[in-house]
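You will see two complexes here that share chain A, one where it goes with chain B and one where it goes with chain C.
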Partner chain A sequence: MTPLLSVEHLSISFTQYDRGTRRRILPAIRDLDLTIDRGQVAAVVGSSGSGKSLLAHGILGILPYNAHMEGTITYDGAPLTPKRAAALRGREIVLVPQSVGYLDPLMKVGPQVGRDKTAVRAVLDRYGLGPETEGLYPFQLSGGMARRVLISTAVAASPALVIADEPTPGLDARAAGRILGHFRELADAGTGVLLITHDLELALTIADKVAVFYAGETVEEAPAGDFDRLEDLRHPYTRALWQALPQHGFRPIPGTQPYPGALPEGCPFAPRCPKCTSECGGDVPYRPLDGGFVRCLHPERGNAS
Partner chain B sequence: MILEARDLTFRYHPKGPAVIGRVDLTLKSGERLGLTGPSGRGKTTLCRLLAGYDRPDAGEVLLDGRPLSTYRGYCPVQMVWQHPELVVDPLRTLGATLAEGWAVEERVLAGLHIEPGWLTRYPSELSGGELQRFCVARALGPATRFLLCDELSAMLDLITQAQIWSFLLEEAERRDLGLLIVSHSSPLLERLCTRTQAL
Partner chain C sequence: MAHRLGFAGKKLLRMVLLLLGVSLAAFLLMSASPLDPLQTNVGQAALGTMSQEQIAQLEDYWGVNDPPLERYLGWLTDVLHGDLGTSLLYRVPVTQVLAERLKNSLWLMAAAWVLSGALGLLLGTVAAACRGRWPDRLIRGWCLLISSTPAFWLAILLLMVFSVWLGWLPIGLSAPIGAQASAVTLADRLRHAILPALTLSVTGLANMTLHTREKLCDVLESDYVLFARARGESTRSILWHHGLRNMALPAITLQFGSISEIFGGSVLVEQVFSYQGLGQCAVTAGLGSDLPLLLGVTVVSAALVFGGNLIADLLYGVVDPKIRARVRAYGRKGGA
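Up next is the complex of A and B:
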């Protein structure tokens, strides 16, 4: 079966002019591969500010003017050109944005969700929002309600692909769990869900597979179940993430992620990697390994070395 | 030292509902108290009251039995917020911002993995994790006795979270600081706190 969405060798870079006229090219996403099937939740997990939100904007065709995108995006078997993206956006492919700022502050909730009153009622009802919600303005919503309104607005059109960009900021664990549960329900009903987040623990509660993002690259893609055991993870960075979980030792590795503008040659994780060798300064391809993918010359799992 | 909240009540509007209603809390030096409770229960508001950013409508905040508002100069109760980008001056380099206070010790910079090169950068040129390290360094003045951490690491990746906390735990130990920790993550609170209180 062809995947619902397939992203191949996607790179997104920015042209920046810093203080004056010095022109810089910032590579924000490099060589990203990802597929999403119908009924699947695929999570992309990376630290905030790592450029992973641009993936959503790239798929939706709403990148800012100074961004440059390469690679191919295929949706439902055909290339997702900017023109096609514009036609599908808001209907078949929808974004659940990070910020409540996407809601029109001067418009009541009901009309924002849609024109058809019965449909609006049905979708709000599905997310536990009573009729009184329809007459509220965005500023009158609590954090959790606002998230549910954002989801309602996005899924009112019965989309085939939902892209959720950091959908639970500022929510307590229970509220965040409920919101994520809604995405799981959508997937169980056949929708493809791309979840972009910095929160690995939350992502693992609903994702079928997880792509780990580091310094603009996906370094590993693994079925969610591989995160149950350290031994099943492939990339040294993914293992470091696992070991930094409060319930798994809380042990940090030293160092920080490099800037897009100051990447080392070869593997960007090399300065922090215990398994780094001289070959790691060269080209490191993204390749399949044991039911997932890895971008590492000496992965921790499997026999390839 | 003891930081105490006695019967605190706070409203945004004089006639509005109480965001915080009759809350008591005691935090001693060396303690790490986790504050739990659903969103909207006023955890951030309580931190703001305890750090003296807001005045309660009723009740009082005491430091060693004396109202916090009577302490002059640098406040011994410091706060670190979830969103560091909102609390640093966007027009000054991080080095300039840090230099406003005391000379931050080398040990603190190293412990927080703050690279010297960042000091010449502007906030917009740093990631949230990098900025948060600055905010922690800035809150750890020599006169700080209590540190209120409001979702300090909620927006950070796991490694940055573990780095900042392992440094903070060590620092709290060595300086006998009292920590108030607000987090939505129960594994994190279990890891960090000596006890918890629900709001």
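Up next is the complex of A and C:
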């Protein structure tokens, strides 16, 4: 079966002007690989500000004019060209944005969910939002309500692929769990769901597989089940993320992610990696390993090195 | 409801205070004026041939010897009784002069106001939609050029081109010279108002265009427009559904606030075009030491400007749902 969406060697860079004149290219995403099947929740997990949102914008074809995208995106068996993306977005491929800031502040909720009144009613109903919601303005929505309205905007179109960009910030664990439950439901009904988040713990509650994103690259792709045991994880960064989870001891890794403009040669994780060797300064390919993928010369799993 | 009344009451009180202050300021300025009303209005030569009694009579008429405070209070008492006094220059009630001038000026200002608002909105939208490309640069350049051009200079330029060289439009006045008031047609009025209105609209136009562009660019870079694009909305739909809506609020405030600027501009423009309006009347009254008329003009124009700002405030509440919701919540609390 061909995957619903496959992203290969995706890179997105920005042209910036330093002090007006000096032009420079800022690589926000350098090498991102990912596939999503129908009925699957695939999570892309990376720390905040690592450019994950750009993946969503890249797929939808709504990057800003100074962005440059390379690589291949295939949707439903055919290349997702800008023209095709323009025809599909909002219909087959939909975005669930981060916050109500993505709704027109001066427009009532009802018309923003959709044009067709009965369809709007039905979808709001599905998420437990009464008729009065339609007459509210975005600023009048509470956090949880806002989240459900945002999902409604996506579901109203009966999409095949839902891209959720950080859909739970500012919610407590229970509310966030409920919202994520809605995405699981969608996937169980056959929709592909791409969940972009910084929260590995929450992602694991619904994801079928997880792609870990570090400094512009996917460093590991693993079935969600692999996160049950530390030994099953492949990349040192993924292991570090795992150990930083509250139930695994809350041990943060020292150091910070490199800024896109100041990346080291070779493996970007090298400065923080305990297993770094001199070879890591060279090319590090993304390769399959034990039912997943890893971008590391000395992966932890199976102690291949 | 209680809240609305409170709002209206507060505004009204503020307006009364404003009018008092403005009239007092105009009066003080006039009292401090170095111009001798007798010399300016009667003439040095004529004065020389007059007897002492005649001069005393004239001084009485122009109120030269009355103590200023008494004069102002006298004027104020009359106004409170609904009497704006009699113009010293025209020898008719001030209300009559004002009514006629106001009618002429309103034509002019309304035309300029509508023109600058509508055209500014349109040009600003075009510039924002083509941001960074040549139509945007052209429109912005032009706006900077005209906003740094003095209005009176522009007025003279327009007069030279359209009235003197091309001869298409009249040189001045608000109606054909020598025509009976009853014989003046609407077409005449329009023809006479075209150039002054055009000049007058130009400054506001640049402002409105640049402001619209700025605001619309912000809107187009906002998250909600990004989301609208993600949902497959076309640029036109985005401009129409989200752009206009979010731009309207500040544009309305700016446009009603610009009434004061248009009025200020009209004083100069009416002078250049010898257009018989309120602005010109202010100049005449000021130079001719016609105190009742000047105070009348001042009060009317202050009320006009205040009215513009008031409308902007009120409309703000109508357009902005946040303010509307707050007013409703307040009303519920106040009413209970």
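Criterion: the second predicted complex is superposed on the first by the 303 of 305 C-alpha atoms of A that agree within 3 Å, B and C clash if a C-alpha of one lies under 4 Å from a C-alpha of the other, contacts with A are read in each partner's own complex, and residues count from 1 in each chain.
Following the convention adopted for this analysis, a residue touches a chain if its C-beta (ideal position, glycine included) is under 8 Å from a C-beta of that chain, and two chains touch if they have at least 3 such contacts.
This is a predicted model, so every value here is computed, not measured.
Trainee: What does the overlay on chain A give for chain B and chain C, a clash or a fit?
Mentor: fit
Trainee: Taking CA centres after the superposition, what's the angle at chain A between the directions to chain B and chain C, given in steps of 10 degrees?
Mentor: 70
Trainee: Taking the superposition as given, does A:Asp172 touch the first partner, chain B, the second, chain C, both, or neither?
Mentor: A:Asp172 contacts chain B only, not chain C.
Trainee: Regarding the shared-chain residue A:Asp125, is it in contact with chain B (first), chain C (second), both, or neither?
Mentor: A:Asp125 sits against neither chain B nor chain C.
Trainee: Which chain makes contact with more of the residues of chain A, chain B or else chain C?
Mentor: Comparing touch counts on chain A for chain B and chain C gives B.
Trainee: In the superposed arrangement, which partner chain does A:Asp283 touch: chain B (first), chain C (second), both, or neither?
Mentor: A:Asp283: touches no partner chain.
Trainee: Tell me which partner A:Phe250 touches in the superposition: chain B (first), chain C (second), both or neither.
Mentor: first
Trainee: Thinking of the overlay built on chain A, is A:Glu70 touched by chain B (first), by chain C (second), by both, or by neither?
Mentor: neither
Trainee: Based on the superposed arrangement, let me know which partner A:Leu241 touches: chain B (first), chain C (second), both, or neither?
Mentor: Only chain B; A:Leu241 stays clear of chain C.
Trainee: Kindly classify A:Asp228 by the partners it touches after superposition: chain B alone (first), chain C alone (second), both, or neither?
Mentor: Once the two structures are laid over each other on A, A:Asp228 reaches no partner at all.
Trainee: Between chain B (first) and chain C (second), which does A:Arg89 come into contact with in this model arrangement: first, second, both, or neither?
Mentor: After superposing on A, A:Arg89 lies in contact with chain C but is clear of chain B.
Trainee: So if I take every C-alpha atom in chain B and every one in chain C after superposing, what is the smallest distance between them in Å?
Mentor: 6
Trainee: Which chain A residues are contacted by chain C in one complex and by chain B in the other?
Mentor: Touching chain B and chain C on chain A: no residues.
Trainee: Spell out the residues on chain C that touch chain A in their complex, using ranges where they run on.
Mentor: Per the touch definition, chain C meets chain A at residues 223-224, 226-233, 241-242, 245-246, 249, 319-322, 325.
Trainee: Going by the contact rule set out above, which residues of chain A touch chain C in the complex?
Mentor: Touching chain C: residues 57, 60, 62, 86-91, 94-95, 97, 99, 101-107, 137, 139-140, 153, 157 of chain A.
Trainee: Chain A touches which residues of chain B in the complex?
Mentor: Contacts found on chain B: 37-40, 82, 113, 115, 127-130, 151, 154-163, 165-166, 184-188, 190-192.
Trainee: Enumerate the contact residues on chain A facing chain B in the complex.
Mentor: Residues of chain A touching chain B: 46-50, 142-144, 169-176, 198, 200-201, 240-241, 244-247, 250-257.
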